[in-house]
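Multiple structures follow.
After this come two complexes, each holding subunit A, first together with subunit B and then together with subunit C.
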Partner chain A sequence: MNKARQNPLNTAAMHGALILYTLIALFPVFVIIINSFKTRRAIFREPLALPDSESFSLIGYQTVMKQGDFFLYFQNSMIVTVVSLTFILLFGAMAAFALSEYRFKGNLLMGLYLALGIMIPIRIGTVAILEMMVATGLVNTLWALILVYTAQGLPLAVFILSEFMRQVSDDLKDAGRVDGLSEYTIFFRLVLPLVRPAMATVAVFNMIPIWNDLWFPLILAPAEETKTLTLGSQVFIGQFVTDWNAVLSALSMAILPVLVLYVIFSRQLIRGITSGAVK
Partner chain B sequence: MTALTLTNVNKSFGNVEVLKDINIEVEDGEFVVFVGPSGCGKSTLLRVIAGLEDVTSGEVRIGGELMNLTPPSKRGIAMVFQSYALYPHLNVRKNMSLALKQEGQTKQVIDERVAKASKMLNLEPYIDRYPSELSGGQRQRVAIGRAIVREPKLFLFDEPLSNLDAALRMNTRLEIANLHQQLDASMIYVTHDQTEAMTLADKIVVLRDGRVEQVGSPMELYNNPANQFVAGFLGAPSMNFFPASVVGDSADITMGVRPEDLFLADDGPLAAKVTHVEHLGGDTNVIAMMQGHQVTARLFGQHHVDTGQEIQIGYTPDRSYRFDTHGARLA
Partner chain C sequence: MQTRRIRWHIVVFLAPAVLVYTGVMIFPLFNTLRLALFTEVDQTRVYVGIQNFRTLFFDPIWSEQFWNALGNNFWFFLIHMLVQNPIGIALAAILSHPRLRFAALYRSAIFIPTILSFVIVGFAWKLILSPLWGIAPSMLDAIGLKSLFAPWLGKEEYALTTLALVSVWQFVGIPMMLIYAALLSIPEEILEAGEIDGITGASAFWKIKLPLILPSIGIISILTFVGNFNAFDLIYVSQGALAGPDFSTDILGTFMYRTFFGFQLQLGDPHMGSAIAGAMFAIILVGVCIYLFGIQTRMRRYQL
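Entry: the complex of A and B
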């Protein structure tokens, strides 16, 4: 493996492949961003051209800003994503710790039950969920979305995290117990830091579907004050006319926060991968 | 006073019985070693004493007090784990002081004890390092230091040296022996290394399949094993066993002779053919086949013996042991 690494030809081929993949992956994002800065006509005439002095226009962004509620949508999306992720990570990790650490009757069954959700898409239950939300008066609140996304993310989180927690040295936890640490301290101070890479993985896997989801916001929280960014952007897509400038501008701005969150988590992710490799 | 008393201790995981009716006493200041083959329940027994596992039945008393329901941190014990189990996010000083902080000791007491322990274990140069920046031996010393600062009545060691290389193992073994003298606390030490058991112990407890086979001082067990298992387990190379029919006795009886009690003698009663010779410098181990049974003779000094040579072996009858078909010792 070391030899392969040192061979310059191999290195070049490896980087070539990675660069090619990066280009392919980034291309749609690139197209969205350049077109968001162009006039409507330029978008259709030459979709791949960079904006120049003639085709440059901020009309899309102006439309989006004028729409007024855009920042509210933005804020809603942010709240829903961050709170859901926090709940998924916190409750997922707690359940995973219980399943991996304590012997109790029905441990295995409980694990299987919690993992069942991975295989069954939550959207199947949409009608029942809507009925429940109506009954509890949560329709058109952000809580409706947060609860649904938390439920949607938990199964995979529990599954991945309990696998990782099983690998945390038993001796370490026992040393903590002998030293008089409470189970909570052991969980928060010893175990969580050691499974941080797994937490980052779970966060990344959950973040994008939640941020981009259109289904549940449309059904559970379509009110003006609870619209998420994705739902809010839909106003520019009409049945007959679509305001492409506005759609592309809204999308460009929607990418940013996800990117920031991703950078935060991916640093943990990379550290986790390399620390595992060295061991 | 007794530091630890185990009375009829049983432990099962589900329907697997791991510890069966264990009765052990550890006196104050005594160094007790648990030995036994892998999987016999040594670690489980230690964890039961530490309170990391509950007993299924029986009593655990530490310093005379019933401890069955007491959590580990309140038992007045400290434990050193095979894998060191240092807190990866804390430096050496904090690793050692954590338990004291949990106990609510004052900063002055904590600093004092950490300083004393790190001096004792030569950890001063590393006091601000993180575990990942230490060698295996240093990590093990930190783990021992973490136990010392708590000034427990009873130390529990679970194979603390098995991850160290041979030279370091010997040094650390001596260090532990020194510690025992200085600290004057009781220690329980799990190992499956013969040398550690024989050199460190005041008392050895031999375990097999979750049962205590024999308890006694190292020399008692060596010279007077209660059964074939203990006889074969202690001593390296281990005791030779062959049917007594070889020396003209009943075939139901198994003879046991230690390798150092066999010697080359032209008029010796045992005829054998040499299959292998190990020259160790100080000793020579002669491995030979005797009527289909392999025997090892440990000869003091250097001897010239060839592979394939026919030899006559003698033994000292009053330094031989006899066991029945179940392995129990016969007089």
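Entry: the complex of A and C
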């Protein structure tokens, strides 16, 4: 390739800028995690030092384990995220298939209607959502959260998945029809496996906002037994504000699951963004 | 014309998505706008027309809070536009450089704050900026700028800007990724053609790449706008529902939460809350329309 764009000084400057920003991005996370393993004195005396044999302590984690019900919170977050994602993917793919495969009256209008929600945040309707959940008795259940997140995730899911489903070859589907497969079999057996990469992209896009949301758990499901990890750690940290060991440990424990998810799915996420799924 | 039978499979395919979307998103949205026209007198709902909005905009007790929150929200948005998006574009421009080593590593690391929840981000920065712990002052001391330190989150004049910058720190990954994707899709031939004409390095960025990624910058701007005008979590986590000190970090999201959900001694008022939601809806709608009809259609798109 060309030499005009390569220049050692430039390369060094580019790495310098990227390293600097990477440090800025990671520094707070790093400080929180190392200090969660230290004694209270060491936290204040040398906040930037790594824990050593003298300053190492797990007292914060012990407090968190004793006082907070983090396993329950984690389980709630897990249920809400997994069930919501399943609904978003299943319902979203079905609707996307209907919109991209069949020509019927109102197809375009239906597509536009479903796309409205991409730009309008669901939070605007919170007052009426809360009223509805109270009226149906769903308040303080995980179902309230699952329904809200499903509704919130569907517009973008339908939009992305129908773009991908338009690319599935018609010959394949027609061959299936000639063989006497029903429309349902064609969808589940032929089309769904082919759009799996797009489904993974949609899943990753929706996963993190659902897991991290504070607004709806705070309003719709603040009861102790339905707290999600995000709300649970917020309440816990609020109560233990002066116990720095406990606060730092709770923060580290909240960081961990997201980091694990990110390490597993980061390639999928980045491929999804860079493949132009959100143009 | 033949009478067509209803193709039930289309209905079956569409029904679940349309039902959930309509029932949990669209219907409550309009119901909220409708509730904004009512008020509660003696535990019964009374229709009052636009009275709630009049109270919100002109009654001194309400309007002061409303305009304060709205102004703060615009400042919050402005900082994102002036800091987050340029940094994101710059990082993407560097990352998209051909044959840059470790690009994937940098990219993944810089994106990490974006995946953390507001609870983590809010508390982590609160601890780091805290004068009690002293990480921020001692780091400033190390570069000889200790005199610049102040308890930023506790000062009325700095708190909002500080929080906006924390939010910028968290979300810089999103413009970076989207612009990075746009830059990668620029064909090599165009850049080579520019090189033959002597356009390389920085001028290639300004003269060739930047005009080509303008549509992506437009998308980022509208995403930032919508995101900022329904922001809530970061302020709530770090400053509480009262958005202290003295409401200096209050934005529309926290104002709406306080109003309809209530806090401490103030009782929740769903109807005033709906009115605020209505105002937020109008602001977001105006922003989206300006983008769709004013910016997106006028932007020159190049066929690549």
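To be clear about the criterion, the second predicted complex is superposed on the first by the 197 of 279 C-alpha atoms of A that agree within 3 Å, B and C clash if a C-alpha of one lies under 4 Å from a C-alpha of the other, contacts with A are read in each partner's own complex, and residues count from 1 in each chain.
Going forward, a contact is a pair of C-beta atoms (placed from the backbone, for glycine too) under 8 Å apart; a residue touches a chain by one contact, two chains touch by 3 or more.
All figures in this text were calculated on a predicted structure; none of them were measured in a lab.
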Contacts of A:L138 with subunit B and subunit C, given as first, second, both or neither: neither
Subunit B versus subunit C as contact partner of A:A175, first or second or both or neither: first
Contacts of A:A95 with subunit B and subunit C, given as first, second, both or neither: second
Subunit B versus subunit C as contact partner of A:I24, first or second or both or neither: second
First, second, both or neither for A:P193, with subunit B first and subunit C second: first
Of subunit B and subunit C, the chain that contacts the larger number of subunit A residues: C
Subunit B and subunit C footprints on subunit A, overlapping residues: none
Residues of subunit B that touch subunit A when the two form their complex: 47, 50, 52, 71-74, 77-79, 81-89, 98-99, 102-103, 146
Footprint of subunit C on subunit A - complex, ascending: 1-2, 4-6, 10-11, 14-15, 17-19, 21-22, 24-26, 28-29, 31-32, 43-44, 47-48, 87, 90-92, 94-95, 97-99, 102, 104, 110, 114, 116-117, 119-132, 147-148, 150-152, 154-155, 158, 182-184, 187, 208, 211-215, 218-219, 230, 233-234, 237, 244, 247-248, 251, 254-255, 258-259, 261-262, 266, 270, 273-276, 278-279
Of all residues in subunit A, those that touch subunit B in their complex: 169, 171-172, 174-181, 189-190, 193-194
Residues of subunit C defined as touching subunit A within the complex: 7, 9-10, 12-14, 16-18, 20-21, 23-29, 31-32, 35, 87, 90-91, 94-95, 97-100, 102, 104, 106-121, 123-125, 127-128, 133-135, 138, 169, 172, 177-178, 180-181, 184-185, 192, 195, 200-201, 219, 222, 226, 230, 232-233, 236-237, 253, 256-257, 260-261, 270, 273-274, 277, 280-281, 284-285, 288
